[in-house]
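The two complexes that follow have chain A in common; it is paired with chain B in the first and with chain C in the second.
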Partner chain A sequence: MESRNPLLAVDNLSLEFRTRTGVVKALENVSFEIKKGETVGVVGESGSGKSVMSYAIMGISDPAARITSGRIVFGGISLFEKSGQELQEMRGREISMIFQSPRTALNPIRTIGSQLEDVIYRHSSFRGRQIRGRALDLLNQVHIPDPEKRYRAYPFELSGGMCQRVMIAIAISSNPWLLIADEPVTGLDVTTQASIMDLIKDAARERNMGTILITHDLGLAAEYCDRIIVMHSGHVVEVADTERLFMRPRHPYTAKLIGATPNASRDLAELSSIPGNLPDLRAELPACRYSERCEHLKEDCLEPPLPRLETEAGHLVACRYPL
Partner chain B sequence: MALLQTVDLLKKFPIRPSGAMGRVWNSLRGMGADERDEAGYLHAVDGVTFTIEAGESVGLVGESGCGKSTLARLIARLQDPTSGAIAFEGRNIGGIPASRFIQGEKRRKIQMVFQDPTESLNPGFTTFRAVADPLLRLGGMRSGPELRKRVEELCALVGLAPEFLTRYPHQLSGGQKARVGIARAIALEPSLLILDEPTSALDVSVQAVILHLLEDLKNRLGMSYLFVSHDLNVVRLLCQRVLVMYLGKIVEAGPTREILRHPRHPYTRALLSAIPAINTNERTERVRLTGEPMSPIDPSPHLCRFYSRCPQREERCRVEMPMLTPYPGGIEAACHFPSEKRENIGTQTTVS
Partner chain C sequence: MKGDSLLLIGRRLLQAAPVVMGIIVVTFILTRALPGDPAVFFAGPAADEKSIAEIRASLGLDKSWPEQFWVYLQNLSRGDLGKSISTGQPVMEEIATRLPASLELTLMGLLLAVAIAIPLGILAATRPNSFVDHLCRIVVTIGVSLPTFFTGLFLVYIFYFLLGLSPAPLGRLSIIHISPDHVTGFYLIDSLIAGDLEVFRAALSQMILPASTLAIFALAPLARMTRAAMLGVLSSDYVRTARASGLSSRTVLWVYAFQNAMLPVLTTLGMVFSFLLGANVLVEKVFAWPGIGSFAIEALIASDYAAVQGFVLAMALMYVLLNLAIDILYTVVDPRIGLEG
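Here is the complex of A and B:
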């Protein structure tokens, strides 16, 4: 029964940006689901539409963006039918987001305590003294040493890792159902990365919270996600359970991405690169946007529609000739 | 003779402001206007000794703030060391002020590729001008067909098509900008190329291309590399030797292969175990670091720098700073309680 009512369902979503130099087709027929308590990784190169998609879910797209088809259903209700007021209520309470650079996401001229208090005031029934208690409790939960002292600190006084912990505290303060983490550890040291990811994972487990982890680091996705969505220039090209995806990638792009990721045993000679670049999304594009870079290209690959094969239960591939 | 050798290299930055602000600072602390106190220095690089042989690639890893970029800038002679020596091709260049080094003949021998290709290219320079600039300034070349030929040659060497010569940085992709940064750094045929996180701003697909290019250039031009990175899996691919830095000090050094297989220092172990891996059998037991790094401002000369986060600290680590000690396999590690445990990374076959 659980699978019939996913926490989040993105269905056939297409989104474009109208720019001076043309219409950028940033997302095309993107579909996927997130279940309760599930951690799903979204991977792909920069420009593949990972962030655009998460902004669309939050309803915070750029004014130039226009959704041309599809719907986003969260908790059984279509987000496009909600009013601006309702969306505002939902953001930060039911869906929270963590951004890439915590230092720019936090207000530099206010203490972290006051920023945390704002969010608690807005999204909970705590009032007066309780708010401070709750804030300190949250700082404790994200393992910030000496929270009483850090409460009065400004973002510049904390390290990048500490700032990201504060962001997590803010994001989970309302016990959301869904957390979108957009490159939450990019730019942090590996040792810090590991502790921040453990924190996100623990927070998700305790609250049975769904998590979307957007990252370009396949290793990170492999280690922390239950399922993985691979994106390439605005298309979802492959969806599978983490283990199955890395064991047997079916889309040529996924296989190339894995082959290009340095690991502990591969030599430089074995490290493959992906030929070509992401296509210009303003141009007229073939059905398969990877076709230009694909080594297995066949004639009918360029013709619509883009296939969506289910090679095994839960393993979807947008390729006519999967590997 | 080694290509480059540093001896006890030290770089301290005063945290006391200079000029008028310094006098205010002093008066607030009840000191004379121009009195200099010894206290209040950030020790970015604290007594670093290492060598790079001709044709060798050495990796420098460590977390942000550990001083690896400062060390790279000292060796590139963009900054002056507080004390210590840098011997390059048999001459001590550590004592020459950076402002004078620019005019010296060794300037062209040590070049650098900077971290972010977008930030480090002049937005007003075309590719041609960016690559021609070092040739005009230091290479003794004049504008003309010869210069054009040389720039085209260099661009071909790094895989940039001639049509990119007239483009500005904003018209180039990340990978193309990285190539421009490399082309201008190798323009003067340096014997030492310092690469400061050359691929960290790039996607894996582009990273792979640039790594292959760097390996190819090294073999063709016979350069030595000092490769600064936080990613051991990338360092592994290009470097025979690796230096692990923590809070201004080298805590472990040795052949890359040996360090990956048998890291002795607890920080190296933590660093290795934190790298996320796709293959489950490459994952090692996570060494969790608790606590926070110590302040690099006037650190105690007796306390081990890693003490505040070390999972196996003992009383001795507080009273006696560990020194680099040799171990079998060519490794040196600065720890009183080096690990005996071997890692099984890379020894198991991967499932495909």
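Here is the complex of A and C:
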């Protein structure tokens, strides 16, 4: 793989859910790229389509989901041209994913050793005793104390942080090129959060692995990501390098989001909330889905198409009148 | 883990003791509270006051209830359930010969139900709104809505009367066959032990219709629970993880989904088994099955205290053992169930 080519390119991806109450347009014309070794944050409030997008990349979308346009190109090959079998073999080997609430993300009635072995058996040429050796090695790599003993433990016998370490061990077992971490530290206590994030960062650096960090915590994204993608109700509204995004947000939503994030150098009283709610994605929507909540709304904001301006190199904003 | 399990089993056994004691008391009181005087029944229509009183004394029924209960307890500790006043046989012997017949039938019905319901439930859950799913729904609805005696009669009408495919519904073996030597009391097993394939086939053909009747009844809750449990498990976080890890569909379905879905199914299985023991009573009547259910009905009609007591006691003990077995299975399957469970 050429390092100049993106590792992952999501191109104009639209996805909808057919439900009994109507068609939910969960993603619309989502485009972005991830380079090798790069950590990219995807931020936005709940319901902005962050997880839906990552499931689409993994090919594990809900059966009710339907991709209506666009492509996902991974390692130069469009994922939609691969067979189900090929996608299955790719998952966990080339793209891995870890989830929120690690304790329920592991099979409750299977030892963590067996769960790790299942994945190693599936994706490697290790057999027999080698598998166990490899599994113990991985548990060591994710800094699980006394791996021999933990090997026979069930998820309910481990803490949330430990379970997330096991999840990471499973995810990196085949040295994937891309790791999608969907709210990996939500619900863990702060010191555990830091150690888990450091673990992900180190694992990514050692393997030159691209990482997508999905989070609603801007502070976390700021600390660990090279670039940040801001999503709002199924649209990518802004993409920029982390520093530039925080220095000079161009989309009104990003600005509000930053204004709503607590910060050591700012008074809590200065925190502002974002007015309004996410629009109902089943209804007819204006070109800009943020328009209803926007303080800078102008008449032609509602007219399609939704612009995608490149205000500076690598700084994209989906707003007709960027700040 | 192993020592823990043994301890758990021991504790469950201890917990069962007061239950059994309670059952002994309740059955004793209940049978005496029932209307009808066994002495009158036993003495026959021509008896006068004096002979009834004699019979009452010989049965020990003239004593006070506490005295009767004490005698009952003493007999019980010797394994003596008293004599059936209608057949004159020891109740213990009656139950010992009839219980295997009922158990064999019930287990066969349950086996049939499980063999159909679990695959059906899994297929329905993995293919929602498909043909199999609708089939599952129809089977479940039929299963719950048909009473067992009706299903039994209906099957007899079709397969014996109209089609002539199955033998007459007259018990465990037709009269031309001799029952196999008693080893387990299960004709299917005993005939195999004796190496008599002809008797095996005869016993099996007698059993198919009543076992199917029970199976149709037991299918519904099992299939429904399997489907619901599978649906729940298939949308769980850990199945999503298994999919995201690229595990093969077979591993995801059997190792990750199925094993977890079996936990609630196991509970349902225990319940269904108890229902079946109850449903047995009517099915045995329809198929002239010489089981414990038909014995109990006759005893109840005749106000046969000892027999009714023996029956209820045997059933209660079976429930206790069954629940124990389910508990033990649970500890084997689910590591989360420990001592505190």
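The criterion applied here is as follows: the second predicted complex is superposed on the first by the 317 of 323 C-alpha atoms of A that agree within 3 Å, B and C clash if a C-alpha of one lies under 4 Å from a C-alpha of the other, contacts with A are read in each partner's own complex, and residues count from 1 in each chain.
Throughout what follows, contacts are C-beta pairs under 8 Å (C-beta built on N, C-alpha and C of every residue); 3 or more make two chains touch, one makes a residue touch a chain.
Predicted model, so just to flag it, every value in this text is computed and none were measured.
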Check: So if we stack both complexes on chain A, do chain B and chain C clash, or do they fit?
Finding: fit
Margin query: Going by the contact rule set out at the top, does A:L158 touch chain B (first), chain C (second), both, or neither?
Written below: neither
Next item on the list: Quick one: classify A:I120 as touching chain B (first), chain C (second), both or neither.
Entry: neither
Check: Does chain B (first) or chain C (second) touch A:L268, or do both, or does neither?
Finding: first
Checklist line | Following superposition on chain A: angle at chain A, chain B versus chain C, Cα, nearest 10° | finding: 70
Notebook entry, point to check: Is chain A touched at more residues by chain B or by chain C?
Noted result: B
Margin query: One more residue to check, A:H216. First (chain B), second (chain C), both or neither?
Written below: first
Next item on the list: Return first, second, both or neither, reflecting whether A:L106 touches chain B, chain C, both chains, or no partner chain.
Entry: second
Margin query: Can you report the least C-alpha distance between chain B and chain C in the superposed arrangement, rounded to whole Å?
Written below: 6
Margin query: Please output the residues of chain B touching chain A within their complex, sorted ascending.
Written below: 63-64, 173-174, 203-209, 211-212, 215, 230-231, 233-234, 236-238, 260, 270-271, 274-280, 282-283, 286, 288-289, 291-292, 345-346, 350-351
Checklist line | Touching residues (chain side chain A, partner chain B) in the complex | finding: 45-46, 145, 159-160, 189-195, 197, 216-220, 222-224, 243, 246-247, 256-258, 260-265, 267-268, 271-274, 277
Next item on the list: Show which residues of chain A lie in contact with chain C when the two form their complex.
Entry: 58, 60, 88-93, 96-97, 99, 101, 104-110, 118-119, 122-123, 154, 156, 167, 170-171
Check: Where on chain C does chain A make contact in their complex?
Finding: 236-238, 240-249, 251, 255-256, 259-260, 263, 333-336
